[in-house]
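Just dropping this structure here.
By written order: A, B, C and D. Residues from 1 in each chain.
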Amino acid sequence: MSTTVNVAASTDIDFKLGLYRSQVALRQFEKRAYDLFLENLVKGTSHLSLGQEAIASGFAAAMRPTDWTFATYRGHAHTLARGVPMTPVLAELLGRTNGLMAGKGGSMHLTSVEHGVMGSYAIIGAHLPIACGAAWSAQYRGTDQVAVCFFGDGSTNIGAFHEALNFAAVWKLPVVFVCENNLWMEYTRTTEVTAVANPAADRASAYGLESIIVDGNDADAVYEVALAAITKAREGGGPSMIEAKTYRHGGHSRADPGKYRPDDEVAEWLAKDPIPRYHTRLLELGVPETKLVEIEKAVADEVELATEEAKAGAIPGEDLLMKDVWADGGSAWRN
Amino acid sequence: MSTTVNVAASTDIDFKLGLYRSQVALRQFEKRAYDLFLENLVKGTSHLSLGQEAIASGFAAAMRPTDWTFATYRGHAHTLARGVPMTPVLAELLGRTNGLMAGKGGSMHLTSVEHGVMGSYAIIGAHLPIACGAAWSAQYRGTDQVAVCFFGDGSTNIGAFHEALNFAAVWKLPVVFVCENNLWMEYTRTTEVTAVANPAADRASAYGLESIIVDGNDADAVYEVALAAITKAREGGGPSMIEAKTYRHGGHSRADPGKYRPDDEVAEWLAKDPIPRYHTRLLELGVPETKLVEIEKAVADEVELATEEAKAGAIPGEDLLMKDVWADGGSAWRN
Amino acid sequence: MAQLTFREAIARGIAQEMRLDESVVMIGEDIGAAGGVFKGTVGLLEEFGPRRVRDTPISEQAILGAAMGAAMTGLRPVAEIMFADFFAVCWDIVVNEIAKSRYMTNGQMTFPLVIRSGNGGGLRFGAQHSQSVENWAMMIPGLKVVVPSNARDVIGLMAASIRDNDPVIFLEEKALYSSKMDVPEGDIVDTLGTAKVLRQGTDATLVALGNMVPRALQAAEELAEMGIDCTVVDVRSLVPLDTKTILRETSATGRLFTVEENPRLCGWGGELASIVSEEAFYDLDGPIVRITTPHIPLPAADALEDMAIPSIERIVTTVSKSMNS
Amino acid sequence: MAQLTFREAIARGIAQEMRLDESVVMIGEDIGAAGGVFKGTVGLLEEFGPRRVRDTPISEQAILGAAMGAAMTGLRPVAEIMFADFFAVCWDIVVNEIAKSRYMTNGQMTFPLVIRSGNGGGLRFGAQHSQSVENWAMMIPGLKVVVPSNARDVIGLMAASIRDNDPVIFLEEKALYSSKMDVPEGDIVDTLGTAKVLRQGTDATLVALGNMVPRALQAAEELAEMGIDCTVVDVRSLVPLDTKTILRETSATGRLFTVEENPRLCGWGGELASIVSEEAFYDLDGPIVRITTPHIPLPAADALEDMAIPSIERIVTTVSKSMNS
């Protein structure tokens, strides 16, 4: 697989249809996840990326299967975008044995090593240094794998962010840091507690990096900037940091209605919803509406099937509880 | 006490003689501390500021007695410069009951609350957020106290640095961060592991702060920049970060000869020794050599006396061991 | 008397002290307008204003560093670490700085501060948002550790913690936030280092903490029906530790069972076992038994989490089996 | 046979494994040209080059994050945290990430990594550079914890730790770095989870760890002269824990004494006490006694530090007093 294939692809309608499908899939999946949360079938918590799909989809399109994704608790989209099937993801949310981690991780910790989804991390900042480690390993072993690490705007104020950025820059690691700036932390506006206007981009120079901002609600734009950064990393050019401007349509987590946000701000961003935008763009490029409806329908069927399969999953038992603390598969701490 | 007094003083010979005396005192004290270390009277470890005295002295001169200093394990100079007498500091290094903390803290943790020396911290980065807290308290209580926080070049790569800088900027706290850039961490050159050339100054913009670099081997220059930053903080203008370029004459700690550093680099910096430089400047300003010799002699006597007094201090006993874990003076964790 | 939830009790306890003492200030993430992620600080911004109730960036080291610096210069901060698991990102400030600085400075500094945090499991949040960290803190000289088990105690122990001149780690059991009870009106101030005997029995002593207290009590009821009459002690604070009550109640029945939510190794129950097996050895009639979460990270799925954390059923089975063997 | 210091044994143990396995890499502050602040890595840069022995910025979270990310993708990193106290600045990566991720991912990931660190007191470094953190790690499910007490064990346990597919916290007792012993030539590989009986007695069992092992042995000699014949067990690894040996040796003498450098609360000795008082209760002839540093931060002055950490004299006095009462 070579990067030129991808570059060519970006001008290609089939490629764009793929990007559309990906975004629609993330959207429909998460809407379903939300419904299941309200039905009390998703226990615990869940953080949706509704409105932010263009970023996960655009990056995934620019990555090779052997590349690595590091996501946060808001990681459904990043997991699915890499090709992980819907059923195990949904089953994981439901805490079933057919879940991606058999229910042991839950919504915040989606991981599928076989798809290069190297974990979702629920402690702010932690995965930035961990992504550096994967990148170091690629560098050491001389593979040309790249690690892509997603995090939020509010996460730029924690210590691990700083350590990872400097470390990656000094070691020239093949890692791409992606700040999804959706303007808000949980219930607090990030600029109220951040010394600069662009929490990631305005700090790139502190690590000798270029300041890169992209419209995170435009999958094509995301794809272009992603491909450039990933290619640079792959070719030994070291890390990049990209700040993607976006917005979450819903609340922070669970059933949060997000009422702390001004109505006009929400309205402004709903108007910039990446999916209708991309839909319009495809129509303008001459794609027939029926083609798009067909995609949406296919996704809806996939979600339906995944829901059934997930709900049919077994409830995990004691065998799973005591399994895999250690590499030998067990949990014994004594003889 | 008002800032105008200090501003006037900076052009005053007596003030400059005070700065000279301060630097000489720090130098002679630490040379003695080193001798006592070699005699195995200073147990544990000790980190000297030989060559860096102009920074501690210049800042102390710009501070009011009610202001606060936060120092590192390399904190002898910062402690003495604030007016803490030599005897308790030396006795602390010797682990005696007449030590500043009766031997319980040791060389790395010098603290004298009565002099505004709010501790010396031996975990890299930790005291930057703590200094923010003192500054917050001044802001909250409406006093015009300022916190001054010293740290090394290598310390700019740890998470706490980042968190503190952002926090101070957002809350507009009266705190001045001072990076003493002596080019080296323990045995590694800081630029080898840092993404930017000026580890503090090149990152100021990441916190919306001005980039400020000063010749750390020129006490007058340090004083000027310190006074400006402290005054700004005192007047509600928020934090500053200053990078002072300097060099340590000796090794990192204990008896380290510092052989990892190139000879010519050491020679270049020895030629920039702040004390002979200041000596020459004073002569050029018309101060008679005898006056300077007199100061040096007075300091030597002070060091001699402190040595005797420190050595005469008692060895601490069990009463001290079990004292002051808690605010009630005791250490009981049970009834 | 008013019915009060555990989460409402948090705000009431803090408010009680903030009204009395201007030096009490609050700092944390989303504690202001949002009222805290667990709604433990609802109403405090409104009553005390943004000068005393301050939202912060996601910078736990800065939060606790600020609390420490403020405490050493005269304030009495109440800091929030949202989930107790996040202590791991600011542990240095807690254990190396706050806990040690009074001792290292030979008493020159005091640190009258409280660090509140949502602790423990039961909410299906998975391994990084469900830990019981009371033992992390108990292990560190210089920290006091308080874990209330009901709304009334929340108020009284919160007041005592804020008034205390030492750093207190105040752990709010997440599984209890929505529990309710009648709480008297007016100021409530309790005393740290006092365990409570909630039930007096003759056969065995169950010592429990936090979220395990209601379970131990319920188990004791069921055990009573089986003919095993248990004393139940609520530890309430691990440091200071009311060893007097625990030793007395253990000696009286001759049997000690600890009920701990933490994974087994180095839990507070081990410490109790060592104290009892040294100081009340000759009063013991049988083995000391610990009922804990197994030594594993907490799983997310509800079914798995329920198996992991000591249940009433497991307490009943373990005690009855051991008493009948 | 060659006389080897404890610090030389560190480098020898690592080199032995690096020669065998290209995936073993080292990361830490000043570990390269400087050979480590405690000179535990001298010669490794020279033999293995800067690709495999890498100096880092002062960024402990980055160091351990890097080790974790590398381990999950096929390397076997040996990371250094210079002083064990500094675990507090990167504790999240250790406890929330490294320790839990295998379990959370249902075994999709393994973390074959070793984190070495200079542990404990005795060097007059004061409270922030002298802590014993073995219990911090023992407390966390998903971590193995190894604490060797002599140069030969350093090599064998280091090799075992590097070969182990789980994360190992490998604590190097600072007070032992300059201790010396005869060590056979050739590769040495030991087994984790095996305690060693260093002395066999009939009256009491002393269980010790790390720097306390030579003291317990010496104390046993002195106690023997007083007519008290002690078994001495070196725990060597806290996780996995060789409870078989400890239970057997305790049951044989009927008395257990733990010798712990850690401040008292929640130390491993408490865990042992709870295991023994549950599983060997009927074999015990008297109280279980723990000999620990009092629950205080460690003071810097030599005189004070010597009073704080269990001394041979204190061990002798405590054991003899308890045995004769």
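In this text, a residue touches a chain if its C-beta (ideal position, glycine included) is under 8 Å from a C-beta of that chain, and two chains touch if they have at least 3 such contacts.
Quantities reported herein were computed from a predicted structural model and do not represent experimental measurements.
Chain centres were defined as the mean of their Cα atoms; on that basis the chain farthest from chain C turns out to be B. Two chain pairs, B-C and A-C, are compared here, and B-C has more C-beta pairs in contact (counted per touch definition above). Distance between chain B and chain C, defined via averaged C-alpha coordinates, is recorded as 40 Å.
With centres taken as mean Cα positions, chain D sits 36 Å from chain B. As a whole-number value, the distance joining the C-alpha centres of chain A and chain B reads 46 Å. Multi-chain contact residues of chain B (touching two or more other chains): 102, 104-105, 109, 121, 123, 126, 157-160, 163, 166-167, 170, 192-194, 320, 325, 331, 333. Shared interface positions of chain D, defined as residues touching 2 or more other chains, are 56-57, 59-61, 85-86, 88-89, 92, 96, 103-104, 126-128, 141-142, 239, 264-265, 295-297, 299-300. If you check the complex, the residues on chain A that touch chain B are 157-163, 165-167, 169-170, 192-196, 202-203, 205-209. If you check the complex, the residues on chain D that touch chain A are 25, 51, 54, 56-57, 59-62, 64-75, 77, 92-93, 96-97, 101-110, 112, 141-142, 164-166, 193, 239-244.
Chain contact summary for the complex, chain B toward chain D: residues 43-45, 95-96, 99, 102-109, 121-126, 154-155, 157-160, 185-188, 192-194, 260, 315-318, 320-322, 325, 331, 333.
Those residues of chain D that touch chain C in the complex are listed here as 85-89, 91-92, 94-96, 99-100, 103-104, 126-128, 135-136, 138-142, 239, 263-271, 273-274, 276-279, 281, 284, 286-290, 295-297, 299-300. Of all the residues in chain A, the ones that touch chain D in their complex are 68, 100-102, 104-105, 109, 111-113, 118-119, 121, 123, 126-138, 140-141, 147, 159-160, 163-164, 166-167, 170-171, 320, 323-329, 331-335.
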